[in-house]
Amino acid sequence: MPMSFTAAVAGCTGYAGGEALRLLLDHPEIEIGALTAGSSAGSRLGDSHPNLWPLADRTVAETTPQNLAGHDVIFLALPHGASGELAEQLPPDALVIDCGADHRLTDASRWERFYHSPYAGAWPYGLPELPGQREKLTGAHRIAAPGCWVATVTLALAPALVHGLVDGHDVTAVGGSGTSGAGRAATQHLLGSETAGGMSAYGVGGVHRHIPEMLQNFEALGARQPSISFTPMLAPMPRGILAVVTAPVDASVSAGQIREAYLDSYRGEPFVHVLPEGVWPASKSVLGSNAVSVNATLDPQAGRLVAVCTLDNLTKGTAGSAIQSMNLALGLPETTGLPLIGVAP
Amino acid sequence: MPMSFTAAVAGCTGYAGGEALRLLLDHPEIEIGALTAGSSAGSRLGDSHPNLWPLADRTVAETTPQNLAGHDVIFLALPHGASGELAEQLPPDALVIDCGADHRLTDASRWERFYHSPYAGAWPYGLPELPGQREKLTGAHRIAAPGCWVATVTLALAPALVHGLVDGHDVTAVGGSGTSGAGRAATQHLLGSETAGGMSAYGVGGVHRHIPEMLQNFEALGARQPSISFTPMLAPMPRGILAVVTAPVDASVSAGQIREAYLDSYRGEPFVHVLPEGVWPASKSVLGSNAVSVNATLDPQAGRLVAVCTLDNLTKGTAGSAIQSMNLALGLPETTGLPLIGVAP
Amino acid sequence: MPMSFTAAVAGCTGYAGGEALRLLLDHPEIEIGALTAGSSAGSRLGDSHPNLWPLADRTVAETTPQNLAGHDVIFLALPHGASGELAEQLPPDALVIDCGADHRLTDASRWERFYHSPYAGAWPYGLPELPGQREKLTGAHRIAAPGCWVATVTLALAPALVHGLVDGHDVTAVGGSGTSGAGRAATQHLLGSETAGGMSAYGVGGVHRHIPEMLQNFEALGARQPSISFTPMLAPMPRGILAVVTAPVDASVSAGQIREAYLDSYRGEPFVHVLPEGVWPASKSVLGSNAVSVNATLDPQAGRLVAVCTLDNLTKGTAGSAIQSMNLALGLPETTGLPLIGVAP
Amino acid sequence: MPMSFTAAVAGCTGYAGGEALRLLLDHPEIEIGALTAGSSAGSRLGDSHPNLWPLADRTVAETTPQNLAGHDVIFLALPHGASGELAEQLPPDALVIDCGADHRLTDASRWERFYHSPYAGAWPYGLPELPGQREKLTGAHRIAAPGCWVATVTLALAPALVHGLVDGHDVTAVGGSGTSGAGRAATQHLLGSETAGGMSAYGVGGVHRHIPEMLQNFEALGARQPSISFTPMLAPMPRGILAVVTAPVDASVSAGQIREAYLDSYRGEPFVHVLPEGVWPASKSVLGSNAVSVNATLDPQAGRLVAVCTLDNLTKGTAGSAIQSMNLALGLPETTGLPLIGVAP
């Protein structure tokens, strides 16, 4: 039976590109077409991704508009700032999904302050769990997949914002991310000898590039004057993000109200699971899958709601959300081809 | 040359007891005496701690007042709630150092609310870096070593509290701890198959037992009405704690003031190192040592001070602080026998 | 569309049982029926396997013949020695697949020497890659899934034995296994604090229980007087086995002959991949999948063939081979429902 | 009190150089002098080794003979092939210790076959545990520290060779090494995302550069025609080597004879510990220390002696053996300044 759609992946030798291919290989409606990259054009794909053995002997082509054109879907898994110009040269009727940051922010000034490069404009945002977002993605031809940290923090707090339990002001978010979130460029501080057996903090003091995207999402969820103190930590594991998000609540808010809000917001969501009371997310339960585990409660002494959320940074945090959004754009069932069950232990 | 003092370790087969022995073996003024335990009495110490080979063939005795008496120093590395009764039967002129929680809290009601067992009273607190604490430890005969999470969070925020940049209200603390912080009891959720490759949150919602000890320290540092939202995460590593602590600051507070406060507070401290501007702690730099790495800055957008602190939960977080305090109590130079340099990579 | 077959899993709260369920949840022809266990009967399955969220609220039943009867397929994921007696009470026309060792050995004396318990007889062996084995599994009602170490070592050496390049004498095998291979019983030496960051050897000196199963496989592959020195190591990872197997070769054997043998033996195998020349297996390429990576060459100085093989101990090493064999027994396409692509990085 | 000797470290920003500095900082007779490097000359040492905080603000000088001259001891921690030429320009009366391979092999043809660069000649070999080696190191001015894999395999087999239980023929050695053994150059396959959670084999088929050094040691221990099949694996841990070494024995050799040989050979050795019968080495017991754990037994079915040995690749495997040899050369007690106790858990 012929597949219904063809897909190309630009940046196929990196982690996000490889994850897109891993998922697309199991997608029943997608035939994998061009695989392109920058400096590793000409190499054998198996050298970069030995796990993707059905594609191992494919030769990586160069990332050019010509090589990407002629596909129904084009995934861009490029460094931040690299997809804006390329995207302009791609066919308007192709579905282009940017896994990088270039087309996420609706506010040009926020982009310029954090990225120091020309603003490329905003595309429909590929996080279908946001209220009203599925409608915007259905039939879209351009989609900006969310950042992994942003998806985690947003899904942690969304029910509380939507239900008016918090107002998006004075949020704090701290968590640990697997090293694949830092990409595949060979740098000394990401060597296994450096990352194994320890943790470190980075992007401290409000300088992390994903903060404006978090604030934008909080606004989309109803916040007026959102503010967030966000500090990521690098954790000794290849995949997975676990974030702890807190926000002040009025004295009138109860633990029961918080629980109801989360159950209500995520009822029927195919990928988001609210855990039982008193059970807290573990990143291994969602590893390699598009699933999200979340829970929240009240800390009465501190006067804060505390939410914990976990997802796989490469799957639901990047390529999985991209394909989930692709399914919506192409009119396929939203869960098509996406793993539901994490690989544990 | 004969050693000056003898030391016994109760609970020698656990992680805290083993770490105390690791450090005492290198201490030039301590001769190791009785090694005692509960259910593993009668075993060979090498079965529990193969790294402690000079003691490998020693037989573990039973933890009784009789076996512990007759030593100059007695370390209690017992489960929370187990040392109160034992301690009462130990000689008053011996130096008894409790590595558990039983003698840390000065407020009986806080103890009872979190520990559900009889209150045993408070002993001088073994964190010499707190202002005025060295005086209290010098010549002491009873010392309560700090909890590992508490030591990390307290050292992260102390300079800001002392310098009046924060008031201890609405503090948030989130971090990752190595699995040895959870002790050595064989439980399924601490199996390597469960902990490797992922993170999880626990004690969420203000229920962690170490919160009252944090609040007590904040008060000792000048806070009037402290409050804290504290959420620990279990990280896939055997040792080390890294905590991110935030607290609201007035708009008048500058990043420069914060830096000055930290440099000022920790100037001359033998074990605490304030990192250069823009460099953030990594837990591996202090592994196996009594060192602490800390840094702090302002997040102007969030209106919060952000401090990051790391230490080895078994060394500076438990047995190292215990021995540092012992040195003060015995009149020895404070750094005697304590490793200054972390084992990295 | 109704599923074609129902399956029960005995021992569902352990790692092998959980892995079987993870795979069965994605199997298009299997409806999951009874979930049973011993001491954890009565618990919620989500407490044991939070990743298996579609089954999270199922209550675990007790492992009894009555609870298991009435299913088309019954998986036994029990401790060694526990399935023999139970199996006798299961319906003869059900397909019973034993993931434990009880029904693997055809020689009663080998069983008794290594297992010290009554011999339960041998069932068709669930490693379809062995020559002639698919025929024996087709239509079978009893299947003994292979041991994970045995599958790895056997697949490493099989082509060389089949092609007569080695004779099964003086084989050596050493490798590293993830901790899940040691099961889920809570024991101190398997705590994450013990296993993280280090390796250890175990079962040294020819005492490992899986040695007779290796020798039996070598014999099935043509060896007359096989002998093996096998030493496993525990590696700091939750899943995966990587084994290095050597065997003496005649001076006339060339590296080219070895390569040809491996390419020939595994040509057309859906799950076994012979890597390109000079590329050596990495366990992460097959993680969570039923795939096997293998390669071999000549060490002319040592006069030995050296083969390296990797697979996921829980998937292809246990539950994956069980389901692959089940597919054959039920007349389904062999690869039905089995993941082909490893989750990497 | 002034230190007795000054030491310079060339290649101070790599792992071997950093480990030498970690140990020298605790050495009571050494004052640390020049710190030099190649491409990272001019940087702050704390940027490379944040754990070495007493040296954090030292500026790294360029590696030149001028900068290294004028010290009593000069450590060369350079890439293989880089120290030969430099060493010729260093003062003959300084003690020069090469942590690289350049001066280990006594046979020029072996060097040239494996290293493809000019032969620099052999220096006294820095493994004091070899019979007669302490005499050669006492008063030496040039020392070649052993390779980490070679030290492990040699110490595993030495007692059996010395006692004539094996003859060095048909040895096999397989083991796992921490990633720091592969150095600190930033390469993609050593990223934490690649190395965490899995193992891989490398240098398969007799091509590993350390094989000639192993054979040379076997010859020094009495072997006539040694041969070895050696296969290293990369393990997901920063430090530590664990090797399993086997060799054929005559039918007359008993397990008791093997045990006696190991106890006899290592009696009185300050750093090498023969474990009790049936207890096998774990790499974590020696982490960060100069200790070696070893044990051996007979596999009667396979007709082979099986020895397991572990050490820390950076300490006893490189910088620790270098300093142990330095102590001998300078006339200091052999254990001066070297950690005896591993950091565990």
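Just so it is clear, A, B, C and D label the chains in written order, and each chain counts residues from 1 on its own.
As a working rule, a residue touches a chain if its C-beta (ideal position, glycine included) is under 8 Å from a C-beta of that chain, and two chains touch if they have at least 3 such contacts.
Here the structure is a predicted model, which means the values were calculated and not measured.
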Quick note, more Cb pairs in contact for A-C or B-C? It is A-C
Report the chain whose mean Cα position is at the greatest distance from that of chain C. B
The distance between the C-alpha centres of chain A and chain C, rounded to whole Å, is 35
Centre to centre, by mean C-alpha position, how many angstrom separate chain B and chain C? 44
Residues of chain C whose C-beta touches two or more other chains: 15, 180, 193-194, 196-197, 236-239, 282, 284, 287, 345
Give every residue of chain A touching chain D within the complex, in rising order. 15, 178-180, 182, 184, 186-188, 190-197, 236-238
Under the touch definition given earlier, write down the residues of chain B that touch chain A in their complex. 170, 172, 174-176, 193-194, 196-202, 204-206, 211, 227-229, 231, 233, 235-240, 242, 244, 246, 248, 255, 280-284, 287, 295, 297-304, 306, 308, 310, 344-345
Can you check the complex and tell me which residues of chain D touch chain B? 15, 18, 22, 25-26, 46, 49-54, 180, 196-197, 238-239, 273, 275-276, 279, 282, 284-289, 291, 293, 339-345
